[in-house]
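One chain, subunit A, links the two complexes that follow: it is found with subunit B in the first and with subunit C in the second.
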Partner chain A sequence: MEQKILKKDEIGKLYKEFESEYNFYAPISQKGNIVFEKIENPEDIVLDYLNSKIPPKSVLFPQMEVLFEYTLDEKDVEITDRQDLDQKILIFGIRPCDAYSFELMANFFSFHGNWEDEIYLKKKENTTLIGIGCNNPRTTCFCTSVGGNPFNKENMDVFLTDLGETYLVEGISEKGKEIVNKLSWLSDAADKDVKKSQELATQAEESIVTKMDTDKIVSNLETSFEHPVWEEISESCIGCGSCAYLCPTCTCFDVIDETDQYNNRGRRIRIWDTCQSCLYTLETSGHNPRNTKIQRCRNRIMHKFSYYPTNYDLLGCVGCGRCISVCPANNDLRTILDKIEKIEKEEDEKIVA
Partner chain B sequence: MPNPYIPYLTRVKSIVGENKANDIKTIELEFKKEEEYKKFDYIPGQFAEISMIGKGECPIGIASSPTEEGTIKFTIKRMGTVTSAFHGSEVGDIIGVRGPCGNGWPVEDMKGKNIVVIGGGFAFSTLRSLVLYLLDEKHRKDYGDITVIYGNRDPGEVLYTDVLDEWKKRDDIKVVLTIDREAEGWTEEVGFVAPIVKKVGPKSDNGVAVVCGPPIMIKTTIAVMEELNWGPEQILNSLEARMKCGIGKCGRCNIGNKFICTDGPVFSLAELKELPDEY
Partner chain C sequence: MGIETENKEIEDSIRDEAKKLLSENQVDVVIGYSQGTVPLSSTMVIIRKEEDVDKLVWNNLCYINLARYLAPLMPQLCDSEGKPLKIGIVAKGCVGRAINMLAVEKQINLENIKMIGINCNGNVNRSKIDLEIGEKEILDVSISGDDIIVKGKDWEKKFPYDQYINELCKICQVKSPSATGETCVGECQEIESIHDEFADIDDFEAKSTEEKWEDIKNSLEVCTLCYSCRQACPVCYCNLCFVDQNLPIWFGKTTNYTDIFTFHLIRATHIAGRCVACGACSSVCPVGIDLNIITRKLEKIVKERFDFTSGLNAETLPPMMDFKMEDEEEFMLEED
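Entry: the complex of A and B
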């Protein structure tokens, strides 16, 4: 039998199987927010969450990450490369949208021939994903409009379905199948379990009400750079950047040197940055190519729904809805995209009229 | 696949003030490891991310030509923390270098063409690199006429007076220098770059023009070039932007779907006309 059953009280046992070989990350509740952290105690793991506040991109692309370390003396510098990139990482309880975001990030970080982001790609290569389907997508979820699905198993190694008292366990990739085989203590799933998981998948998919025509949005954006809609879209934005920081596909970063007070040693780090900040593009001369909020809001949307598709033939959005739920100004990406989707329609109607 | 954020280490071999205001210096760097110098295989118009380790890193155009073997040079204006640190550096200090980055001037495609190099002010560094490359005995025969038009605010701001003097002595390059207003002892042209270009009147036939300088100079010069029948695919620009990584990862130097760091910094005017006006 390919499918297995994991009892809910066996998560600790599962954790023990992996803890020595892997850095084991899973969702936990931190001050009421769900975040992916390295697990010390498996009882902290929370699997019945709807969506984590901070996306698990933080595991492979942390908010602050060392690029290299250095020691300085009078007339010399010594550089030490990262030594921890070969460690194996396991992310347990990841959702399908977030698992797909790793593929988009890896695509971006590997794109420019000679200049691959080895730090990200090596970690990605050493990462195993044991994910879980979304029985109850949030009202802000729209993965089905951007090519995803609440039960998309494609980017997982092992896939779990919450059946109430138990989890259905399926090995998806070769690596995942091996893992499941090794967990010999798992019981076999019955036909009714498999059937129930299929029903849950169908229900979940049907529960997502947002439907958008992303082909139309992508094609409308190609001709809408100067459209007045951007003024409308950006009006309520306060420029806080939460949408980008918490976006599982946003990759932008700043680089700074942190040196100790004695000027002896330090580290060059990268930290999440956002195109929603006016400092992001401010040049030393004082010139700023994206000086206005309109330009900055436009860049975020264009990047995900026009530039990314143009460069890679993929959408730069996984439909997780975080940017919608965290926006303090209620600027809803679905509304924004709806406005863009309608641009040409309105003009076509005018032509018909 | 090495960590692309780790710089090669170089030492400052010389540091020279370039202008009267003394806020522009050229730093010459020697690689600590010969094999890393060999890996740093560049063409004119490329840039590098250079750093005072512990202070920070910034993108700077390479001012030396690959034909000047043994060292590389950067001309740096003192602006912020990192550039001030470069200005305060001394011979023997360590400077980190990552690169070469960007596409550079299309020296292969420029073969057989008449080259017009137009520069304004401090933006002359990668043009210095280009002209030295074109004039090198290995390359000079591959190119047609070479004309350099270089403008500055006043005589004290003219960079690279040593190489300019050498070029002026040669008969296979025409060098036109201009300053904005008349100054004592100045015997060359007076006026902004655009009207001087008009006066020199470079012919567009089989030509490639390379234009670098402050935005207003570029704008006015391009208007003149168009009057002189230069097509947008014949005019090349090098763009700048705030950058952190220089290798297409940190995100901030995009113009539309292009990154200045990896798709540029050199774009033809024809290419720029296809991109959103956001640079």
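Entry: the complex of A and C
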């Protein structure tokens, strides 16, 4: 039997199997916010969460990350590269949408193979994903419209399904199958367990209420860069960066050198940046190509639903709905995309009239 | 009278006033709140036509301070000849205070603004409700009688309204805008001064310096530096925020505790004596940080030292923007 059963009180036992070999990350509740953190105590793990507040991109692409450190003497600079990139990472309890986001981010960090961001890519290579199906997608979720599914197992190594009292465990990748084989203490799943997991998957998929025609959106965007709809779309935006910071596919970062001149050393770090910030595009000359809120709001949508499809033939959105639920101004992505989807129709009507 | 009935009355009055102003050409547009697309939210809407006034709502989820939109919107809201449009704006007390502050600081010209004053009955404390509901999706939030009814897929929870509104709303003393004459229609009042109790920070003040430090440090731990608080703040309107200065960099922007702390403390200091106690900074925080503790403490100091409350009129400069030769400075190094 390929499928196994993990009892809910055996999470601690599972953790013990991995803790020495891996940096074990899992969702925990931090002041009411679900975030992926390195686990010290397996009892902290929360698996029945809706959607983590901070996406697990923070494990492979943390908000702040040291790229290298350096020391200076009178003549030379000595650079110390990251020493921890070979460490094995395990992300436990990741959802399918977030697991897929790692693939999208890898596209950016390898830029068609022309250039490679070793830090991200090495970490990704050393990462094992033990994911879990999404039994209760939120009403803001729309993964099925962007090529995903609440039970998409594709990007996982091991896939869990919450059956109520137990978890169904399936090895997906070769690496994942080996892992499941090694966990010899897992009991075999019965046919009814597998059947139940399939029912849950169907239920979850059917429960997704937000549907959108992304082909239409992508094609409409190609011709609507100057459309007045952007003015309307950006009206309520207050220009914070929550949507981008909490987006699992947003990869932008700023690079900063921190110099400790008293000790002749320093470090280069990268921190998350967002195209919603006015300074993001400010050039040294003083010119700012995206000086207005309208341009910045447009960029976020164009990047996910137009530039990304052009560059990689994929949508740059995984449909997790975080930007919808966290936006302080309730500038709902669903409403935005709906307006874009309708652009052509309205113009057709005008022609008919 | 229940909150539900009050809301209906407020909402009707907003729509009536908006309709009247638009139909009489007293204003060209009305900025107000409309129904949000997710529970526990509302969104800003610009009403341009009389027949759209029914989009305006009042539902105790109107936590954004609309004054925040005014300064950036005013240059955009012009007619075809570039003449500024006349703007109506739905104003709860703290929106009115913010508008006054912006006028005092010469960010907006009151000539083109009409406040549609309402007698605000408070806003729901989103983060408190979110925290209590936990990892269950909220599908609907409504007010019934004097309760907040929160509904999910197969559950329903009742929260008493008076306990689950923002802490600042509980002690608010400026429920309708402090303005008179031409600027205001609807519920408005003239307020000379208020006796602010600052009961909301009693617990914080009773703590030792070390405990206060730990408290603030602890609450800021989850900050993602998204700057929603700054962006939502009606008096945080700098074109270039100190934290964004990058030629050269003035402050660290990392997630190190010192950087997060520096940002919040300096922002709070910048709005000392200017904060209008709307609580928008805390309401919009995606990770639910209560920033009011810091801002309210500063407001209390300003009140005690200068007997000043911000935004009560459109003339008086806040203490940090004004000086008198006889000002005493004996408190400069005191520990508060």
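Just so it is clear, the second predicted complex is superposed on the first by the 346 of 353 C-alpha atoms of A that agree within 3 Å, B and C clash if a C-alpha of one lies under 4 Å from a C-alpha of the other, contacts with A are read in each partner's own complex, and residues count from 1 in each chain.
Note that contacts are C-beta pairs under 8 Å (C-beta built on N, C-alpha and C of every residue); 3 or more make two chains touch, one makes a residue touch a chain.
The model shown is predicted, which means the values in this text are computed figures rather than measured ones.
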{"item": "Partner chain(s) touched by A:V46 [first = subunit B, second = subunit C, both, neither]", "value": "second"}
{"item": "Which of subunit B and subunit C A:V59 touches, first, second, both or neither", "value": "neither"}
{"item": "First (subunit B), second (subunit C), both or neither touched by A:I5", "value": "neither"}
{"item": "Subunit B versus subunit C as contact partner of A:L160, first or second or both or neither", "value": "neither"}
{"item": "Subunit B versus subunit C as contact partner of A:K31, first or second or both or neither", "value": "second"}
{"item": "Subunit B versus subunit C as contact partner of A:I301, first or second or both or neither", "value": "neither"}
{"item": "First (subunit B), second (subunit C), both or neither touched by A:K75", "value": "first"}
{"item": "Contacts of A:I256 with subunit B and subunit C, given as first, second, both or neither", "value": "both"}
{"item": "First (subunit B), second (subunit C), both or neither touched by A:T140", "value": "second"}
{"item": "Common ground on subunit A, meaning residues reached by subunit C in one complex and by subunit B in the other", "value": "254, 256"}
{"item": "Contact footprint of subunit A on subunit C as seen in their complex", "value": "36-38, 41-46, 64, 68, 72, 127, 130-131, 134-137, 139, 153, 219, 221-222, 224-228, 230-232, 240, 244, 246, 249, 252-256, 283-288"}
{"item": "Residues on subunit A engaged by subunit B in the complex (per definition of touch)", "value": "67-68, 70, 72, 75-77, 79, 81-82, 108-109, 111-112, 115-119, 121-122, 225, 251-257, 259, 263, 266, 268, 270, 273, 275, 280-285, 287, 289-290, 295, 299, 302-303, 306-307, 310-311"}
{"item": "In the complex with subunit A, residue positions of subunit B that touch it", "value": "1-7, 9, 51, 53-57, 79-80, 83, 92-94, 96, 215, 240-242, 244-245, 247-252, 254-257, 262, 276, 278-279"}
{"item": "Partner subunit C, residues of subunit A touching it in the complex", "value": "29-35, 46, 48-50, 53-54, 63-64, 136, 138-140, 235-236, 238-242, 245-246, 254, 256, 258, 269, 271, 274, 277-279, 293, 324-326, 328-332, 334-335"}
